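When the chains are written out, they are named A, B, C and D in that same order, and each has its own residue count from 1.
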Amino acid sequence: MSARGERRLGAALVAPAGAALALVALGPLLATAWLSLRHRVPVLGEDRFVGLANYGALAHDARFLGALANTAYFTALAVALELVLALPLALALHHAGRGRGGIRAAVLVPWILPTVVAAKLWALLLQPDLGLLARIWPDGAGAVLTRPRLALHAAIFVDVWKTTPFVALLLLAGLQAIPEDLARAARVDGASALRVFRSITLPLLRPAILLALLFRSLDAFRVFDVVFVLTEGGPGHTTEPLSLYAYRTLLRAGSFGLGAAISLVTFLCVVAIGLAWLSALGERRPAEAP
Amino acid sequence: MSVAGVRLELESLAKSYGGVPALRGVSLSVGDGKLVAVVGPSGCGKSTLLSLVAGLDAPDAGVIRIDGRVVNDLSPRERDVAMVFQSYALYPHMTVRRNLAFPLDVAGVPRREIAARVEEVAALLGLAPLLDRRPAALSGGQRQRVALGRALVRRPKVFLLDEPLSNLDAALRLGVRAELKKLHERLGATFVYVTHDQAEAMTLADRIAVLRDGALEQVGTPREIYGAPATAFVARFVGTPPVNLVAPEVLGLPEGPIDVALRPEDLRVSREAGAAGLAARVWLVEPMGSETWVTVERAGARLVARCEAAFDAPPGAPVRLGFDPRRLQRFERETGRRVVPDRPG
Amino acid sequence: MSPRTAWTIALPYLAFFLLPLGWLALTSFWPDAELARPLPSHLTLENHAAALAGGGLARAVLNSLLVSGATAALALALAAPAAFAIARLGVRGGRALLAAALAVSMFPPIATAAPLYAALRAARLLDTLPGLVLPYTSFSVPLALWLVTGTFRALPLELYRAARVDGCTPLGAFRRVLLPLAAPGVATAGLLVFVFAWNELLYAVTFLTSPSRRTVPVALALFGGEFRDPFVVLAAASMLATVPVVAIAVLFQRRVVAGLTAGAVKG
Amino acid sequence: MLPSLRALAPLLLCAALAAGCRAREDTRSADRLVLRYQPLGPDPAPFRALVAAFERESGVEVEVQALPNAADLAHQLLVTSLGAGGQDVDVFVLDVVWVAELARAGWLADLSDAFPPARVREEFLAGPAGAVVQGGRTFAVPWYVDVGLLYYRKDLVPEPPRTYAALAAAIRAARAEAPGIAGFLWQGRQYEGLSCNFFEALWGHGGAALDGDRLRLDTPAAREALGHLRRLVADGLSPRSVVTAAEEDARRAFQEGRAVFMRNWPYAWPLLQDPASKVRGKVGVAPLPGADGPAPGALGGWQLAVSSRAPAARRAAAIRLVAHLTSPDANAVLAIAYGRNPARHASYEDPRIRAEAPFIAALLPRVEAARARPVTPYYMLAADALQGELSAAVSGLRSPAEALARAQAQADAIAGVER
């Protein structure tokens, strides 16, 4: 097959995945973008074009700005903690030798547990009167949900508990791709274990780390279930993320145009984060051999 | 076992990657059953040349002919070429037996014939005891032989070898080099052998093609390349220790727009006081066993000479240099091109 | 790092991850009326019985396994060839496609629920399991695409070229050489996709209405009454529903990783 | 050969999935109805029997689909499928606060012929009747009702308090007897339950929240009511945890004997009487206190409505199904098997209910006094903003006055833009 034939084959191989995305993901995206330019409340029979008015309203909406701040804070802290916690775990999983299958299975359970259940489990443990933590620390961690400025951290904690295994698994996949000889060579060169980690493992793991950061920050930015089960956004919207605001606007208030605008802003934030990580990822990836 | 060699012809091959030229108009003809070594420093386009011949990349311009047939638009499988990669590229998930059988399996050769040919190649290369191992469980030399075997088993028209010895340790390399030479003689197949090691090229090749920056500097027999290099680059690339390439005044000759080259074996060094020749001082003495390499300093330049084994002198000792002016080669300083003696210049 | 060090590091994690799960397991045996007590007076199997009553949960587990399995298989079937093309065939705009895939899939699910509902109804796929597999697949293709592309890129280029010279077509080299070698990465991607589909609630609850087609999260969401929140039954149901998945995940992982020792790839 | 089969496996799997599930048809015949409701309780048998009786009598098949118990999700599902103009559901349940909204949207069939408004007002309790009759037409039929109640510890409180002051005094008195016990448990989490608690306090302070269609939130009575709720927490009469509490949080703590009073719905009663309950036999039920005397409890519960999208023949069958499910006999089944309060006056005299569900029968005065949250199409639109501000005030983030001003502004913005 000629090189041109190969490119044609490549296009043919990419096409189904591209088509699947376009059909089921891009279509709704465009539909939502169009909707965000309309004022549409089906239960009131309202549906008209309003241009950017929905976005204008959001710019002055204290609740929206609060939700944006909550989401950003949640994302930054949760993802940072998950990465810091997942790295040693991934290394441990990589080097555990006998029984590593067992550990891997064990740490994966929180992540396989349906989010609703995981969140309800922690809601029970964190319940301010009767929860396990409330009995151990009556006014400390146990009461965290009742404190407007702390409740968000409870949601972050639950997210970390549930998602660290996912990050660890991504990093593990990265670790497995690093040739063992490199670490051995560095050890022979007299590097300490820590030095090997810092100078060999970490740089080579960088793509995997960035990938984990990419996926997790995009996902965390859309946090919903955990907050919904733990606090429903309260007290006083102090834990409400953008997705919950969008959800409520769309489904409870039935204001589709405004809800679409919130969704779209969330989406644009996600795209911005994604592009930032991607450019970081791109800088590190050496030019592909032809 | 033997393979019918075929003629491989390249005409004005050009290829660039992202605007950076890797090959510029390379024309080369390899006779049937010959081994041509393509040498040059890393990045000179050697591997690109192999990729184009193998069909892994398409040339931007030029024609590739195998056995008289233009193969530009054929895929690798249709070209009937085999290749040995620098890293051997053994399939880690397959045993040695399946690695060897793979090209035949892909080609749809009947099972029984595959088994027979794998056995034959394994016997030829001494791989029989290793057939059920995975590549990870082999030593470097063993891997190299499996890679070679995987190429041999197909009995292709053309063998392409991409620095096949560079991952072996020095002792092993000489042995495998000899084996390769015998193998080529026995098979009579057409080999294109890419290496950056001029010694390998000199010992193995029927002809050597010297590549520099994507263009051919010279094609010739090892003796032609050594004895009559077309350019200063070629002169410097072959020979150990490298040729002495200096301004003419260093050797006491009139100044001019040229450099002169003198092989180390053509430079005589004498410690006898009052001997004729150019005055110089010893800089380094390297005994090699059968001979001694002596580096001397003269007029700010360093020159190497191959002397008899017994030669010895402390650094800084005064010596006299002599040479036969007929052994001198002249190259234009600007272009590096050889100045042919019977032409004025 | 020695296995001993590894275990020393892993143990606190195990405690962190498993103690709450142990509490969940204990809760599943806890009499509902005593949930607010520090410890139950006795343990009971009533909750498990309630969770299994009517066969709905078993059916839901089966549905979820079907949907998640089909999603993972389909996502990999779409993503693996595309990843191969992007990593090895030099598809123009491969990076752009990766970025676009990522962006599109990151659209908040809630915003797409209504348009998707209309589309699925037009396609007569509402309230069918394939009607759920389709959107799940397209939302998990990017993750799979990313992971598998990375895995393919990590494989030495020469292996692909060797397979080509040995007579494989590009697809043959993909299938016979690259795919087996990428198996760990592909398996990881498959597992991630599987779990994503396993966990999804919003689409499942929106697009499926018949009781016989509920997935696990929907079945869990339907326990209890308007105010009642029978967490003990939910705990029992999630324990019952989670065990088969963990088993599958472990077997899946081990099978794929076995036989492919690290370092072999570099030959 | 084998590998290529393996590559096909996902496709085959999908084909198998598709074959196993038929696509739902929009054009169902008139003898097949789809009913969407929220599961009434763990045992579906009594309800199934009720539906089966209808199927036998009418020859119409009924497909029962469960809605999730999360009200938001149920609301979403209805809005999604009705808003898309679908015919995939015929009969469905509605929260009291959805009727006005969905009726205005034109998604509810007019049931006035089968259920004339006058008869609805006569046969059904005032609260739900007021919610389902909009502009002189009937859009839904009350199915069962709920009402906010005051639960108290008979062993610690001699007489249930009728005023807020008496409530506070009773808590202090009980604490002298049982030190460390919590006072009054209610629902202060940011969700619709908090709105119910707020409206009860508002009515207890003599306020009202409706001015025509317009929500009036920023009134002196509202400020007093919200201030009262905040003070309960700030003064320690209620534990800090109420700001995150929903029904079950309150019920579990009360059931463990950790509190003197609890505001909750009737569902808690049988659970408090469970053999494992620590307060079994020690609990009494009373009207909620007010500033000057008992206040009405908030009306909860569900109504049955028929989709206006259903074709006429199916609509007729659907209306018969609604009549069947809201009949006095059905009221008795729901009361006895599931502990749901009948929406009909007469059912409270039903000897079956009096004998087998005496607690329910005894709630007649409470359900008669029950008051609906503001019946306006804009309620659901504003409820979200209201909850957030109420929660902010209760948890001490903002003063009640400030929170209500903000809630009013948001409600006005929504209604103002809509009009």
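In the analysis below, a contact is a pair of C-beta atoms (placed from the backbone, for glycine too) under 8 Å apart; a residue touches a chain by one contact, two chains touch by 3 or more.
As the structure is a prediction and not an experimental result, all values here were calculated from the model.
Participant: For the pairs A-D and B-C, output the one whose chains share more C-beta pairs in contact.
Facilitator: The greater number of contacts lies at A-D.
Participant: Farthest chain from subunit C, going by mean C-alpha coordinates, please.
Facilitator: B
Participant: Provide the C-alpha centroid distance between subunit C and subunit D, rounded to the nearest whole angstrom.
Facilitator: Each chain's C-alpha centroid was found; their separation is 36 Å.
Participant: Rounded to a whole Å, what is the gap between the Cα centroids of subunit B and subunit C?
Facilitator: Between these chains, centre-to-centre, one finds 53 Å.
Participant: Return the distance between the CA-based centres of subunit A and subunit B, expressed in whole Å.
Facilitator: Centre separation, subunit A to subunit B: 54 Å.
Participant: Could you check subunit A for residues that touch two or more other chains and list them?
Facilitator: Residue numbers touching two or more other chains: 1, 129-130, 247, 250-251, 290.
Participant: Among all residues of subunit D, which ones touch two or more of the remaining chains?
Facilitator: Each of 73, 76, 83, 252-253, 256, 258 in subunit D touches at least two other chains.
Participant: Could you check subunit C for residues that touch two or more other chains and list them?
Facilitator: In subunit C, 35-36, 114, 169, 176, 221, 263, 265-266 touch at least two other chains.
Participant: Hey, which residues of subunit D end up touching subunit A in the complex?
Facilitator: These residues of subunit D touch subunit A: 72-73, 75-76, 79, 83, 101-102, 104-107, 182, 189-191, 239-241, 243-245, 249, 252-253, 256, 258, 377, 380-385, 387-389, 391-398, 414, 417-418.
Participant: Within their complex, state which residues of subunit C touch subunit B.
Facilitator: Against subunit B, subunit C makes touches at 156, 158-159, 161-169, 172, 176-177, 180-181, 259-261, 263-267.
Participant: Going by the contact rule set out above, which residues of subunit A touch subunit D in the complex?
Facilitator: So the residues of subunit A in touch with subunit D come to 39, 41-46, 63, 127-130, 134, 143, 145-146, 148, 151, 231-238, 240, 247-255.
Participant: Hey, which residues of subunit A end up touching subunit C in the complex?
Facilitator: Listed in rising order, the residues of subunit A that touch subunit C are 1, 6-7, 9-11, 13-14, 16-18, 20-21, 23-29, 31-32, 85, 88-89, 91-101, 103-117, 120-122, 124-125, 129-130, 132, 135, 161, 165-166, 169-170, 172-173, 176-177, 179-181, 193, 207-208, 211, 214-215, 218-219, 222, 224-225, 242-243, 246-247, 250-251, 256, 259-260, 263-264, 266-267, 270-271, 274-275, 278, 282, 288-290.
Participant: Under the stated contact criterion, what part of subunit C meets subunit A in this complex?
Facilitator: So the residues of subunit C touching subunit A come out as 1-3, 5-7, 9-10, 13-14, 16-18, 20-21, 23-24, 27, 35-36, 38, 78-79, 81-82, 84-86, 89-92, 94-95, 97, 99-112, 114-116, 119, 134-135, 137-139, 141-143, 145-147, 150-151, 153-154, 157, 169-171, 184-185, 188, 191-192, 195, 198-199, 201, 216-217, 220-221, 231, 234-235, 238, 241-242, 245-246, 249-250, 253-254, 262-263, 265-266.
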